[in-house]
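In structure tokens below, several structures.
Two complexes come next, and they have one chain in common, chain A, joined by chain B in the first and chain C in the second.
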Partner chain A sequence: MSIKKVLKTAEFQHPHFPKYLGIHYTPEDFDFHSDQNTCDWKWHANQNAIAEIKAKGGQISRIDACTIQSHQTQEILNFIHTHKKNHYVIQHFSQQISGLEVIIPENTIIQKPLNLNIDVFNQLSSNYSLLLNLGTNSRITINQQVIIAGQASNASLIMIGSQNDNSQLKLTTTILNHSNLNLVLFGNLDAARDCQTVWSLTPGIHGGLLGDVAINLNGQGSFGRLNVLKTGTVSDHCGLQASVNHYAPHTKSRINMRGVLFGKSKVNFTSIGNIVKGASGSDAQQESRLMTVGETTHGTVNPVLLIDENDVNAGHAASVGQYDLDELYYLLSRGIPIMQARKILVYDFISPVMQEFDKRIQKIITAAIEMGSGESFNDNL
Partner chain B sequence: MANKSTSANKKALNQERGEVDKIRPILSTGVGINESIIQNISIAKKEPKWMLTLRLKAYKIYLEKPLPHFGPDLSQIDLDHIKYFQRATNYVARKWKDVPDTIKETFERIGVPEAERKYLAGSAAQYESEAVYSNLKKDLEAKGIIFMDTDTALREHPNLVRQYFGTLVAASDNKFSALNTAVWSGGTFLYVPKGVHADVPIQSYFRINAGRTGQFERTLIIVDEGGSVNYVEGCTAPNYSEDSLHAAVVEVFVKKGGRCRYTTIQNWSTNVYSLETKRAQADENSSMEWVDGNLGSKVTMKYPSIYLAGHGASGSMLSIAAAGSQMHQDTGAKMIHMAPDTHSTIVSKSICHDGGRADYRGLIKYIQQADNAHSHVECDTILMDDQSGSDTFPVNDIETSNGTIEHEARVSKISEEQLYYLESRGIDESTATQLIVMGFLDPFTKQLPMEYAVELNRLIRYQMSGSIG
Partner chain C sequence: MAELVIRHLSVAVQDKMILDDVNLNIHDGEIHALMGPNGTGKSTLSETIMGNPRYKITDGKILMDGRNIAKMKIDERARAGIFLAMQYPVEVAGITNADFIHSAMNARTGNQNVPVLQFLDQLHQNMEILNIDPAYTDRGLNKDFSGGEKKRNEILQLMMLKPTLAILDEIDSGLDIDALKVVAKGINSMRDRKFSCLMVTHYQRLLNYVVPDVVHIMMNGRIVKTGGPKLAMDLENTGYEKLI
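Moving on to the complex of A and B:
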């Protein structure tokens, strides 16, 4: 049965807007106002990586309603089921399927990082999906950059990844968009036995964002790391939930979230470390920190632990606050101008997550911080 | 050896807590609740009219409000089959010798007079929904401290009660605060005048006795400017087969420069639903501290809050929860920073064993006016076995840019390293585990008055006898 038909069954009628602890949003803001997907997009990537993937039997291919294959349908349906009656997910897949699939076969190590660029020009609300499939014993680094241009007020992005035993994935996702856009972002990466997953995310430089991303450690001995870096400027608002689910014994996870709030921006971070019964010997640690730079910012951090197993180590640390005034004083006493000193403290604050991104992305983040500093620090002076 | 002492301990504790005491209440409104029952309660208490109006208004709110949508399952509470009011004696005893003998026996088993003999100041013990014994030491009275049950306070100091009653916890706050406002009886009223310091802790002992008795005490504490008090409240209940409900409301007002510490140890039997609303307001440069121990009950939902309303106010919450078999402790704290330079601390420690659940649910909020606020939160949990679980739901909501929050939490089992160390010193496993648990709780116990610390240690040892020997 096609995805659209499944979504019309009784099970998916009356969907609801998802609720996240400590994240406040206006459901209508992220709701599509049009059923028509006019998503016009293209992708390009570095040729050497494409060549290497193809030579080793992998593939990167477009997915659309005509070419969709049964395994893709199945993965999408699984995703829809895990998100139960989530209005936005159902809305996303009720439209024409549109996206990319990256498949890396088993025992394949891709040396060159794949720099995947997706350029979306949308006049009406649009959706884009990425499917990722990594074979046993394989390894790849993907730097995905999504740039959304056009006049549309809404966009929806879904990422579905699955990793087979002993595979390693390093994924960075950067989203750039204009300030009037409200973006929903959902992602699940499923890891089997002995996998390593590192997912670094710097979402929506401007506008509104509602996101829910998760790494599921389904197999014994897997490790997942989720990094999030958000720079809020002007009146951006961002609600993001990042979770790692430990479904198997001896799994280990780290969540590291950093947000810098300039201007009048609003950032809600919720992080969840979930260890189910039976996942003994697991280790889940999270760190969520917000630095409030602008004068009228609003930040929440909500680090949640759901623990149903006793032989575990779980913890979280969270903080919200301005830069340390003692540190600022020290830098000033060394003759560093105040603007420069503040920026040093901001960069120091984000450095644990910043280093996860490649140089190209770091430049984009730096530009956002320079812009934010311009609007916030001048006010303070 | 360990087993033998365990069973002896259990027996001793059972003896101490006692069976149901055979007391026939003088006045009871019977099972259930409706408007005329509320009117009867109010008439029986000879209350002013405004209180009856308040009760009836609250009852309407209670009927409309849904059960909380979060936390433990409350669907098992049968609110229609609870005795909402009964009076054990027809007078409030002023002197110990006037207290009926059977009630005295119970108190003697719990240890109220003993505690008093030692160094506690006054004692207003609550028995079956109303205080039957309240005694103030002369020096406190001389200082102008008012310490009585809330019913008496309503008669003797109606204006004071009216000024504060329900202003911090409105009936409309939640279903159970509405219920409490509608049918409240008993509870403690404590007023500390300006600049007066109560040097010794003031204690009250609560106890639910008959099965199916809701206990809806209403406590009101006012610490006037520059005053200080340490109020200690202990709860214990014998075991029953029917579910009982305890829905208390506590309001604490700490005026400019005042200081209040409210210490509670709660040890309900495992069929009691304890659904409490505790809230305090701290004015300029004042300090409010909750010290809260939750040991028993079937379900506890309790999130003591502090509104840090005045410049430089500080608030602290120090709590422990021990959840054993068939217990669900859903506790936490809320700190609402509403003024500049306010400061709050939350330290929460939980132990889960034999399939118990202890969840932490907390909120730190800085509103825009709360410049330079500072808050520190620590939640630690030990899971003793693979049947137990714990969830942590903290929300930190900051509307200022120059405040700071630090939050840490940890969930783990008993440290194997510590166990190994102690065992290598020749201590057997169960004793070693016990030492580690007591050490874990030490920051809490050392804040308690001495005999409470002793009692707490004994209760934890008793409750966890299967787990820690």
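Moving on to the complex of A and C:
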């Protein structure tokens, strides 16, 4: 049965707007105003990585209503079943399916990072899905950049990844848009036994963002790191939940979320380390921090640890505040101009997450900070 | 040229008066020592000259080379030649020590950047004088430096930035005798007719290695006595109360 037909069954009727601790949003803002029958988009990537993936038996293929394969439908349906009451997930897959699948077969190490660029040109609401599948003992680095270049007021992105035993995935996701946009972003990366998953996300969205991303450590001995870097400028508003779920013993996770708020932007971060009964010997640590640089910014961080097992390590650190005025004073006292001094402190703040991105994406982040630095500040200096 | 003239300076912190009618003249090329008990206003004077916004000038003037600096911003004062070696230098991990010093030098030269090789050559020479491990060039600014290393790093910045007026706020505190000698060597290397300095200290021992031209005693927010280097020695024997 097709995805659209499944979604018309009774099980998926009357979904709700999702609720997240500490994240306040206007549900209608993220509603698609019209059904989009086609998604106008294209993808391109560095040829050396594509050639290496193909030569080693992997594939990168476009998914649409005509070409979708049964295993892809099944993966999507599995995802939908875990989010069946989520209005936005149902909304996403009720549109014409459009996206990309990357498959890396077992025992395959891809040396070249895959720089994957997705350009979306829709004038109306647009949806895009990415499916990732890594075979046992495989390894790849993917730098995914999604640019929403059309005039669409709404968009929806969903990423579904699955890693087999002992595979390693390093994924960075950068999202950019040209005109004001409300974006919903969902992602699940499932890791089997002894996997390593590092997912670094920088949603450079101008407008609104509602996101819920998770790494599921399903197999013993796996490690997941989830990094988030958000720069808010002008009147951007962002609510983002990042979770790592420990479903197996001796799993380890690190969540590191950093947000810099310029102008009148609002950012709510929620980070969840979830260790279920039976995941003994697990270790979940998280750090969520916001730097409020602009004159009238609003930010909250909500660290959550859900622990249902005794023999575990877990901890969190959280902060919301301006840069340290003593540090600013020190830099100024050496003659460094105030604008440059502020930027040094902003870069200092984001450096633990910034270093997870490659140079190309660091340039994009730097540009966002330069843009934000042109707005008013609240340090009275 | 760096002449500092302070006239009838009164300073408050959160409406509490700390400095009361302070007068001080430091002429070109002079090194002055400012001594006094804890909480008497020595650091307040240092921070006020630098422009720390916590300290509000309620009366009086601070003139550098005849120019009233009270209206100047902190970074403008620094670029005009004032340098404050801080009692507790902060750590900023996100910028390396070398990049920070280079940025500060470039800020002083306007649009003309100091060539990198010339900068590094000068940096390494000064680090050698101060017995600073070359590996510290690429470490975050003051990041995980010991107290003594931070103080030496302040003097390294002093030697690189070459200000015309330096204020050294308890540069000797927390230093063992060997480190003190190294720091003193750095300060003495700056001695020049174009370099003036105000050293704030509790201890006479620094003055054995950096001999001041003038010594001032500050108590209760006022400079109560001024004299030559012998004044510091007398102070060591008598203590503050008996000296006044």
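By definition in this document, the second predicted complex is superposed on the first by the 371 of 381 C-alpha atoms of A that agree within 3 Å, B and C clash if a C-alpha of one lies under 4 Å from a C-alpha of the other, contacts with A are read in each partner's own complex, and residues count from 1 in each chain.
To be clear about the criterion, a contact is a pair of C-beta atoms (placed from the backbone, for glycine too) under 8 Å apart; a residue touches a chain by one contact, two chains touch by 3 or more.
It should be emphasised that the depicted structure is a prediction, and the values quoted were computed from it without experimental measurement.
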First, second, both or neither for A:Thr197, with chain B first and chain C second: neither
Touch check for A:Asn188: first (chain B), second (chain C), both, or neither? neither
After lining up the shared chain so the two structures overlap, which partner does A:Asn115 touch, if you call chain B first and chain C second: first, second, both or neither? neither
Classify the contacts of A:Ser333 with the two partner chains as first (chain B alone), second (chain C alone), both, or neither. second
Mind working out whether A:Thr300 is in touch with chain B, chain C, both or neither, as first, second, both or neither? first
Larger contact residue set on chain A - chain B or chain C: B
Looking at A:Thr174, would you say it contacts chain B, chain C, both, or neither? Reply first, second, both or neither. neither
Does the superposition put A:Phe349 against chain B (first), chain C (second), both, or neither? second
Spell out the part of chain B that touches chain A in their complex, as residue ranges. 352, 368, 381, 383-386, 388-413
Inside the complex, what are the residues of chain A that reach chain C? 324, 326-327, 329-338, 340-341, 344-345, 347-349, 351, 380-381
Name, in rising order, each residue of chain C that touches chain A in their complex. 50-53, 73-75, 78-79, 83-84, 86, 89-90, 92-95, 100-101, 103-104, 107-108, 157, 161
Touching chain B in the complex: which residues of chain A? 21-22, 261, 277, 280, 290, 292-322
